[in-house]
Amino acid sequence: MKISARNRLKGKVVDIVKGATTAHVRIDIGNGVIVTSSITNEAVDELGLKIGADAYAVVKASDVMVAVD
Amino acid sequence: MKISARNRLKGKVVDIVKGATTAHVRIDIGNGVIVTSSITNEAVDELGLKIGADAYAVVKASDVMVAVD
Amino acid sequence: MKISARNRLKGKVVDIVKGATTAHVRIDIGNGVIVTSSITNEAVDELGLKIGADAYAVVKASDVMVAVD
Amino acid sequence: MKISARNRLKGKVVDIVKGATTAHVRIDIGNGVIVTSSITNEAVDELGLKIGADAYAVVKASDVMVAVD
Amino acid sequence: MKISARNRLKGKVVDIVKGATTAHVRIDIGNGVIVTSSITNEAVDELGLKIGADAYAVVKASDVMVAVD
Amino acid sequence: MKISARNRLKGKVVDIVKGATTAHVRIDIGNGVIVTSSITNEAVDELGLKIGADAYAVVKASDVMVAVD
């Protein structure tokens, strides 16, 4: 499946914490940068996410803000 | 201002395209990765964004999906 | 690519309107239901979207609200 | 109340799972399609959502992505 | 229609700027606070939005971040 | 940090409820209006949010819908 989302950041899963319904998954995209994602527990199971596995952090352009110091 | 958004990816602005109301800003976060952001033209002006300037791509964790090949 | 987004509604592209930077794409998911998507013009080009083509409307669960009459 | 969100998919509630703060509500919009929504427990209570009740899945156009096989 | 979105801020429309596909609508919610919304031109037309009219800015709780100085 | 998000509503934290992974924070922005935010527990801790403290509810314009009665 090819998706319209402009941002697909490749990395490795470094942390998975499941809550009651919502999980937090952390992906190391290299260069010391960790991206945190909040998805359903169900998605974690369906994708078979495991620590150390390859994965992408995917973000729609309209969900990216810009900041300056 | 410190913000709750979990993801603040540091980089440099490499492209700014203004539309009628909505602009696309691209930020090079290093390692060959470019993040695309869709924000208002007004925000581009207010932040004084310029190509080559330092900037962060900021994303709330609940807006990050995970994908696998 | 398999994505964590819980909602992948299969249909056919019935309308594409490009703006200056942002396009509106309509997908007929059957049963008389049309889903409207606002994505970048660039994504329309990259996916090669055409009227009549098969496509999915994809939505993260945290972006779905519920309403009652 | 009339809302600007372009997508209001009519269906019936088929599942409600409350977590500690966040609930997952599934709505069958017909044609074998189930939409999953992640909302606050509080919203579930305020709307009085019950399995079998009529409900809409509501999505802003800018939160809809497009994918192709 | 009653919606799950936790935030419905009542005010008056003070500005409408239509772009090619995307409009910016500003709502004065009182106390000197103006909320800016980016919606489709089509939604502006369908709701019949006019400067001076009563309107609500509606935001899902998962789209609200928190910041501190 | 200056952020592109168009909406920064100043107020005071009036409620914090932590779930397993996701917290609900309520901010009183004056005039009897309470804004509800759903963020990670981790963000609550990192920002040191406390009831009674000054805080902003921050929302990207593309996440604001408009409704009329």
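Letters are used for the chains, namely A, B, C, D, E and F, taken in the order the chains are written, and counting of residues starts over at 1 for each.
The definition used in the following text is that a contact is a pair of C-beta atoms (placed from the backbone, for glycine too) under 8 Å apart; a residue touches a chain by one contact, two chains touch by 3 or more.
Values in this document were obtained by computation on a predicted structure and should not be read as measured data.
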{"item": "Neighbouring chains shared between subunit A and subunit E, ordered by label", "value": "B, C, D, F"}
{"item": "Repeat of interface C-E, chosen from B-F, A-C or B-C - more than half of residue-number contact pairs shared", "value": "B-C"}
{"item": "Subunit B on subunit C, rotation in degrees - Cα superposition, rounded to nearest 5", "value": "120"}
{"item": "Farthest chain (mean CA position) relative to subunit E", "value": "A"}
{"item": "Centroid distance [mean C-alpha coordinates] between subunit D and subunit A, Å", "value": "23"}
{"item": "Mean-CA-position distance for subunit E and subunit D (Å)", "value": "21"}
{"item": "Distance between chain centroids, defined by C-alpha means - subunit E, subunit F (Å)", "value": "17"}
{"item": "Set of subunit E residues in contact with two or more other chains", "value": "1-6, 8, 19-20, 22, 24, 36-40, 42-43, 47, 56, 58, 60-63, 65-69"}
{"item": "Chain pairs that touch, as defined at the top of this document", "value": "A-B, A-C, A-D, A-F, B-C, B-E, B-F, C-D, C-E, D-E, D-F, E-F"}
{"item": "Of subunit A, residues touching subunit D in the complex", "value": "1-5, 19-22, 40, 42, 60, 62"}
{"item": "Touch list for subunit D against partner subunit A, complex", "value": "17-20, 22-24, 36, 38, 62-63, 65-69"}
{"item": "Partner subunit D, residues of subunit E touching it in the complex", "value": "1-6, 8, 37-40, 42-44, 46-47, 56, 58, 60-62"}
{"item": "Complex interface listing, subunit D residues touching subunit C", "value": "3, 5-9, 13, 24-25, 27, 29-31, 33, 35-39, 43, 47-49, 53-69"}
